[in-house]
Every structure is written in structure tokens, then in C-alpha cells.
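Pasting the structures here.
The following pair of complexes shares a single chain, subunit A, combined with subunit B in the former and subunit C in the latter.
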Partner chain A sequence: MEKQKPIIHRKDLRWYEQFYIPQIIAGMKITLTQVFRPKFTRQYPEVKWQPPPSFRGRPVLVEQNGVERCVACGLCSRVCPALAIEVQASETELSKERYPVKFEINMLRCIFCSFCEEVCPEEAIVMSQDFELTFTRQEDGIFGKDKLLTPLDKLKDRLEFLRKMR
Partner chain B sequence: MVKITIDGKQYEVENNLTIIQAARESKIHIPHFCWHPKLTVSGNCRVCLVEVEKMPKLVIACSTQVADGMIVHTNSEKVIKAQNAVLEFILINHPLDCPICDEAGECKLQDYAYKYSVGESRFEFDKVRKPKRVELGPNVMLDTERCIMCSRCIRFCDEIAKKPQLTFTQRGDHVELTTFPGECLDNPYSMNVIDLCPVGALTSRDFRFKARVWEMSSTDTICVGCSRGCNIKMWVRNNEILRLTPRMNPQVNDYWMCDYGRLNTFKHVNAANRIKAPMIRKEGKLVEVGWDEAIAKVSSELKAYKKPEIAAIGSAFSSNEDNYLFVKLMGILGVKKLDIMPHIKTGDQDELLIREDKTPNMVGTREVGVKPDSNEFGFSSIMNDIRHGKVRALYVLDDDIAADPNIAEALIKIDFLVVHASNENETVKLADVVLASSSYAEKHGTFTNFQGKVQRNRPAVATLDHDRILDGMELSRLDKFGSHNDRWTQGIKRDTRATWRIVNMLATAIGIRWRYNTCEEVFNEIAAAIPAFKGLSYLKIGTNGALLNLKKKSVTVKD
Partner chain C sequence: MEIIITIIKIIVVLGVMLGCVAYIVLLERRLSAGIQNRIGPNRVGWQGLLQPIADVMKLVFKEDIVPTKANRFIHDLAPIISIGVAMTTFAVIPFGDRINLFGYDIKLQIADVNIGILYILALTSLGVYGLTLSGWSSNSKYPLLGGIRSSAQMISYELSMGLSIIGVIMIAGSLELDTIVEAQAGWRWNIILQPIGFITFVVAAFAETNRLPFDLPEAEPELVAGYHTEYSGMKFALFYLSEYANMFVASAIITTLFLGGWQVPFVHSLGLPDFWVSVIQVFGFLFKIILIVAFFIIIRWTIPRFRYDQLMNLGWKFMLPIAILNLLITGLIILLI
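For the complex of A and B:
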């Protein structure tokens, strides 16, 4: 047999509690003390937040000497749990032989897990500090190489962080 | 028969087997790079080392014959240590190329490195560098660094293709695979070395960097390049065929296929000149129309001609089912002038696979009844009748008969020409109605090869008529999980139909009540109606095919 759960009765308010005055005064006091405390609110978007290197913003491709490091091995695409990445390889005259003619990340699918970054054998895809992703059409959510390629200089912090964490 | 013990279990095996063969028959896997069931034993990779009791040292399983009472260990401590050592040795100079190597994902060295190696290298020196991106022949690319010197490719050229073109030069870790001076790897079977090569040293120039192997679905089907009908796997990504590879069938093609078949039998499926929808000639131009309109047009036109004025050309490129229903319909319509155009390339035949007859289904087409009752209804007399204006309407199944200029000239005389076609061709240019038929990669069907073996082909490319999921076609991971906003699910799906289905639609329009819903139903009727096909079913044909009952029949099968 199931045990009957005890019924809890809320106590009635006392007579002086029914005036609410003491409670209002207590509330006003908190408000007043906050006015004189330092402010924490950031005036976004006028004032922007600079995330730390450990932050996982949208994944981008590392551009070194004017070309992507990526060799289009497709491992990021394979490991991505959200199937966000599409890579099409092709041949290049460079000694790396292979490069991605097409590299697309569907930001509607990406869950910012950073698995792609972890699996990449070339340190070619890393999580950036960019968290501002807005688009108004589904089509615009697919980022091609034009949006993904990011010069090495801008990613130094993250790459250093990754080396430290290895 | 001898009794041997492998890993503590007793087996009875033939006495002329080697340990690796005996183990394979007993479903025990002994790792191997250089050994191959159809090549001679060379014993150079050393990864198949096993321990045999009472033998002083480990022995290689590929060249040690079994003996009565032999006790073999394939995973004792000694063996595992030896396997570790062999893999470490092979990996010393093997480049870290997996990310850029087309073999990745189906590489024996990758698999064995996971399974049999310790996973770490003690080697701290520079690896030996050798030439990369060497064009070994028209179809094969060599990366010399990746070669593990197993010599499978060399033995294939010597023993199977019978064209010695490859060899090793140098010694030690400088050994390089190369072609003989003045030679290149251009034998008609050269691309089989790509499948044979256990690593990515030999890769396909055609498929180079097209896709990773795990992105594609693979469908068991057959090659339609000649009347051999080699068993193949068809690899598809985003509804596009990217490569064909041979599938083992000991009675038809062993492990092999020819380069011609591998390279030339799939590109037309996704070519720009595909016919995307049925077409009718209006004011001299072919315009796309709906299926109902096209079928209604054919049905009304055929009724307008007298029976002797109509002729029909079946196709040995089409399946048994396609041709069977075609014959059946022509029979009902009373069309007697019925034949096929042969496609024999005299002299283009060899001992291994390639056949002179370049159609995949000549035997089957004849068996299901595409044959004239007498010579006066044969192909050349039909053409003569056309020239003399005796035949005014012609119905051509999937075959570009007008590719022959003489025939094209005759066809100009035709008043009404209806053609089934998957791609634009010379016959289509002359047609009044074009019925957009599915290619062999987009439909079910059976083809009968020159040996009388009935083999199935399966759809690998989806059409509006064949849905990948609903029709149980092979799925890749991308096919399974793709949604409407993924670009990799947007591959073209055409409004084409299998020829048998088109014939069925036409019959319905003419007023014949047929109830075939699937290709299998058509086949079951063939099996019931035609003695040669008696007892056959899709189930019985399976993945390896089944022979026709040809004992009493007229078809002559050579070979």
C-alpha cells in the first residue's frame, strides 16, 4: 500500500503582516543600497565582451600564408555529432596535395562542441571568439570558405591555449 | 584430409592447403598484406606469422602447408609480439599521409595498425623520402612512399593481366615500385591493382580526392559494359555515382573488373545530357511534357498505323523484365517485326573477362522473346522495310540505333518514331516521342550474361520513382540524417521511370489491364512463363546470380 503523503498547510499571515508596510520598507532599502554600489551591466552592443581563449565561439578555418591549412581530410565532417560540416576535396599544386574546394559549416546545426577542432590533424579548424551569429534566412546559416577563413594572427590566443591543454 | 588444431580447436581440412587458407575456411582471420587468394604466394610482408608447436621459429601462415596433427597458435604471446614488431617495422618509413590519402577508411595498414600494433613509434629519425604523385599509367596514381613492398600489384600484372609492367628497383628501405623502362601501367585491367594494394600507394586517378569512402553508400549491382556482367559495388554520394569497384563472384569475374567497365559505365547517369522528363516533338522541336500526355500520344499514334507498318526494336542494354513486357505488349498489338540491334566489337575479347558482345543482356533478351519469327522480320529487313516505306512507325527500346549513320539515314523516312532513352543521342534527335527511361543504376532488374547467369542490378541512384528510404535503397550516413536545409541532400532526382514501368503505363493507356506494381512481379511472371527461367526468383538469384535452365533450349553459349 502506498503511504499517504502528509498535507502541509500554509500558515495564515499575522495581523501586522497583513499591512505589508515592513516588507515594502525592506524592499526599498535593498533598492537604495544598490543605487550606490558599482555597476556590472555592459552596454552591449556598444561595449563588447572579449571572451577568454577557452571560449568556444563559432568554428573557423586557419589561414596561413594566404591559404587554408586544411587538407580536406573530412575528419571534422565525420566526427561532427551534428553533421554540420561539408568538405569537398580537390587537388592542389602545393605539397599538401589536397585542399578543400568547398568547405561549409551549417551554423544551424553546429552545437559548438569543438570536436572538429579536437580531431583535426592539421590544427586547421579552431573555435574562434566570435559568438555573434544572426541571420534571417536558413540559407544564410551555411557559412562557406569566405566566412570561415581567418588569418592565423587573429587565432594565436586559441592556438596557444590548445597547445597548453594538450 | 588432415586434422589440425588452430587456437585450441580441431578442424579437418584438405591436405594441400596452407595454414592461412585452412584458417580462412575455419573463419579464423590471420592478418596478411601480401597474400591474396588468387595470386601466387610471395611471403614478404611477414605479418601472417603464427606459432606452430614443435617448430623452432614462428612460420608464415601463407606458405606453410598444413600437416596432420599440426597445432597452430594465431594469438599466442609470441605471435602478438611478432605482429607488433612487423607493424612497427612497416610503419618506420610509412608517411603520416592518412589525412590526404584516398585509401583512408579502407586501408589494411590502418586497420592492422589499430588491431595489431602497439600504437606508438620508437623511431625518431627522418623517414626515407620517395617520389609522390607519380602517374603510373593513364588510370593509376602511385605514391612511392606509401608502398609497403607487398608486390601484389606486380604479381597481378604478371599472373592475372599477363602483362608484366611493374617491378621493384633498389634495395632495403630504398626499394621503389616502378614500371619497366619504356612501359606504363596501361593494361586493360590496370585498375585492379588499386583494389589489391593494401595501402594507398596505388590510387585511382579518376576517383582521386572525390570523396571519403565513409561518405558514400555502396550498392551491390552489376556492370553493363559487356556481356560478362561483372559483379560490382556502386558507390554513391548525394545521389551521384562516384566510383565502381569489383565485387567477388567466383563464377563470373573473381575479384576483378576491366578498366573500361569501371570508368565508362556510370558517367552517363549523371551527365548533363540526361533526359529529365518525357518529350514530344511539337513544331519540329522536342518539348518536355508530362507522362500522361506522352503516353497518350504514343498510344493514339500506334493505333493509327496498320500492324505491318509498325516495327519494334528491343534492347540488349535493357533488363529481362523490360524486354519481356515489351514483347508481351507488341504481341498483343500484333507487331511481328521485332528484333534487336547487335553490338559486337569483333576482336575486342580476351581470356580473362572482356567480351566481344558489348551488351549486358543479349542472352536474356533473346530468351524472353525478342527474336523475329523469321528472317523477314529481322533487324536488317526491318531497316529495308523502312527504306522502302513499308514500315512507317518504329518503337525503339533503350538503344541508340541511329549512332550508325546508315540507320540514321533510314530513320528519317519514319513517320512516327518513339524512343526510350536515358541520355540524348542520335536516335533521340530523330524521335517524335521520347520516353525518359531510368538508367541501369536507377532501377531494379535482371540481366542474363553470356554464361546464362541471371544477375540482379539494384537502384543506387534515387529518382522521383525510386525513393531512397521508402524503396529500401542503400543509405549512407548522410542520406540517413540529412534534412531539407542541408546542401548534401540536394542531388538531382529525375522524373525518369524504368522501361518496364513505361511499357506498363502504355499498355494501360491502350486499354490492357496489367497489374504489375514491382519489377519482381514481372520477373515472377517470366519465371512462370518461360522454361529457361523456371524456378528462378529474386531470392534465388541473390547477390551472386543463378543459371538459366538452358539444357533443352536453343541458345548457344560458348566459353
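For the complex of A and C:
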């Protein structure tokens, strides 16, 4: 049996509609009114987008009381699917006893998966809201501790979000 | 002295025309952006006013690629034909009344040809060679399809274009563009006397300039970029320029034939000296052209593209009979009056 085609109901054009001209003028009115409506464009470098706390931007180390929270357990380095994180541990006099001498994230490799953030037992590495990562040389793509350390109060939104969602 | 005046006129007209065309591109980009709720180019210069210069700079430094097995000579020739036709058409269009400058009586028209309309019709139909040759010489399928389409489309619309002009010629009783403009003094514009002729001519002009409801030669969804797919760098820029120059010239022809040319109503009642009257008339002419160009642009972003068979149906079954009917009615009325 042949499949029945769906019936399309088309209105017959009225006599004045067959000249198309009133329709064209109506269409032009619609397009012209769009010109005066608010624009959707964001003037990017001047007006920046504020990402929501759920946004996964550049991973950073949380800095509390002037030192990083990180205890250099190396879990983030283990879990990283792109092998972007390199940690070297050492001992310290502080109560956390261990700290990373070297903590490097290769931003050329990072895929912003936030696995490091999930696995971290100390909430020491979180995804920030920073999405502007430009560098002109490959060597600049390896972010060391100097670039990664971020004060705690800048990351409050994300930490709150993580506590709520976990 | 005549020659020097003519050369100065040519330089001024070409300069004004190229400047206008460059800014029509900007107008199109800004207006289309507005219609799509965007902002459009506004970074180069104040509100993007230097954008045309930046565009040209970019295109000049682009590599000029010629496809292998392309017919190199014709491939180079095609954009030259396109731009040449677009530029030379403006020669016979009067852009103002006589003006008295430094003791010289200058007629504001480059070439005062007594068969002005015939010249325009002849040259605009030459424009199709640019498109067809570019399509054929590229040795590529999409440009070839675009070229074939353009030739078919232009030939179909040439006829109704010519026929809709004849009504205007009958009213003015001359092929000379100057006489036609003078016949439209005051409010006796041909758009009022010849509304059907105006509509058919505008539609045919859209088809002749390959603007959107009829832009089949470069229909992006089907033919990549149509006839100029294989062009790059300055040769592409020439095609781009000629498209907009064609639009400018088509608007100028529409203005001259139907919107009273450089006639500005009531300008003589202001009591200004003759020189300033002429200047106002020249700017009035430019203003009318820009209005028509804006109309072209808004139409482009309003109406979807015609299918090929719809285009041919409209051209042969609708436009042609209406143009002939308009011709008969005009003739009858002229006979009776």
C-alpha cells in the first residue's frame, strides 16, 4: 500500500496578494523595524562576559593565607586524561607537611574536563572563570605556580557551587 | 579647453562614483547587520567609516590564484569587462543642470549622446559577458553553472527592461537622457505617470544587477559563490566592486528615468543663485540614488531567492505581458490627449 502523503493546506491568494507588492512592502516593514530593536552583539574586548559559577575555565591553584592548599598528593596528575599536570612534592614545616615544589599545567594539553578538580581531596585545584588564554609561544603555554596561584576570595563562587553540587 | 573640462568631469565622476560604491558596501554591511539585530563593522575609524579602505588593503595583498587548466587570458579579461561596463554606463547619465564655473558653462554630463538610453541598454547587456566568460574560463563546475544562469536570466529580463523604458521614451519623445529629465520638471515624475513601467523596470534592474531575489548566478547555497568561485585577490575585488557599481548605476538609471533625475521640486522657488541651485540638484540626484540603493539592500534582506523556473516564469509570463500592456496603454493615452 502506498504511503499517504500529508496534505498541505494552502490558502488561495486573494487577488491583490497575487501582485506580491503589498506583501513585499509588509516584509520590508518587518525587516526595517528590526534595525531599531536592541542588538545582540557584545562589544567583546570592552564588554566582557561574566561566566556563571558552573563555567569550567582555566584550572588554578587555591591560595589560602599566602600558601597553596595543595599537598602534592599527585592525584590530579594521575587522573588527568591529557597528561597536562606535572607535580613535584617536597616537605614543609607547615601543618600540611607536604607542598608542591613544582606545579605545572600545560595549557596546550589541558582539555578543561575538571577531573583534577573532582579528584582533589583538599579542594586545592579548581576551575576558574578565566577564559582568555592567549599566548604567542609554545613555552608560554606551560603555566607554572606563579600563574596558577589565585587568592581564595576570587574563587568563592566556584567553591560554593562545588559544595552545593557534590 | 573642452577636452580638459571633459577629463576633469571624468575624474570627478569616477572618484565620486568609486567613493560612493565603497561606502555602499559599508551601508549594506551596516544595514544588513541592523536587520539581523547585529551591529556590523564599527571598529575601523568612527563607526567603521574607514572599513572600505581596510577591505581594499586586505584584498590587494591577497594571493591571486588561477585554477590549473583555466583559460588564463579570458580568466583575466572577465573582471575587466565587468567593471568596465559598470563604469562606462555612467558616462551618459546627466547628474545635474548646466553649471557656471569660473566663466565656463559646463554641462553636468560626461557624454551628451542623443541616443543615451540605447547606449545604456547596449552596455548593460554587455555586462553579461563578464559573468559568462568568468564562469566558462574558470574550468570549474559551479562557476560554469553560475555563468549559464546569468546569461539566461539577463537575456530574459533585458526584454521587459527595454519595453518598460519605451513608455518613458514615448512620454518624453526623445532617447536623450537630458530631454527625459527635463520632461519630468516639477512633480511630473515618470513614477507617477508610469507606475507599472516603474515596477517592471525596477524588477528587471534587480535581475540585471544580480541582486538578491534574482541572484541565481551567485546563489550561495547551491553554487558556492557562483561565477566568481575561482577568483581571488584583486580580481575578486573587481567583481565585488562591479556588483556594487552596477547597483549604483542601476539606481542612477532608475532615478533618471522615473524619479526626475536631478530635478528637485520647488528648488527654484527658494530664490537661490543659479550656482547653488545646480549644487542642490546634484546632491538631490545623489540622495535619490542612495535612497534607491538602500531600497535594493532592504529588498535583499527581505525577500528569499527565486527558484530558476519561477524566475523564468516571472520574466516571460508575467513581466513581458505587463510591459507590453503598459506600452499599449501609454500609447493609447498619448494618442487620445
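Operating definition for what follows: the second predicted complex is superposed on the first by the 135 of 166 C-alpha atoms of A that agree within 3 Å, B and C clash if a C-alpha of one lies under 4 Å from a C-alpha of the other, contacts with A are read in each partner's own complex, and residues count from 1 in each chain.
The working rule: a residue touches a chain if its C-beta (ideal position, glycine included) is under 8 Å from a C-beta of that chain, and two chains touch if they have at least 3 such contacts.
The structure presented is a predicted model; accordingly, all values stated were derived computationally and were not measured.
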First, second, both or neither for A:Ile142, with subunit B first and subunit C second: first
First (subunit B), second (subunit C), both or neither touched by A:Glu117: neither
Which of subunit B and subunit C A:Glu63 touches, first, second, both or neither: neither
Partner chain in contact with A:Ile24 - subunit B first, subunit C second, else both or neither: second
First, second, both or neither for A:Arg78, with subunit B first and subunit C second: first
First (subunit B), second (subunit C), both or neither touched by A:Arg98: first
Superposed model, subunit A: greater residue contact from subunit B or subunit C: B
Shared subunit A surface residues [contacts with subunit B and with subunit C]: none
Touch list for subunit B against partner subunit A, complex: 98-100, 104, 132-133, 208-212, 214-215, 477-478, 481-482, 485-488
Subunit A residues within the subunit B interface of the complex: 71-75, 77-78, 83, 86, 89-91, 96-98, 104, 106, 108-109, 121-122, 138-139, 141-142
Subunit A partner contacts - residues on subunit C that touch it in the complex: 31, 34-39, 199, 298-299, 301-303
Partner subunit C, residues of subunit A touching it in the complex: 21, 24, 27-28, 30-32, 34-35, 37-41, 43
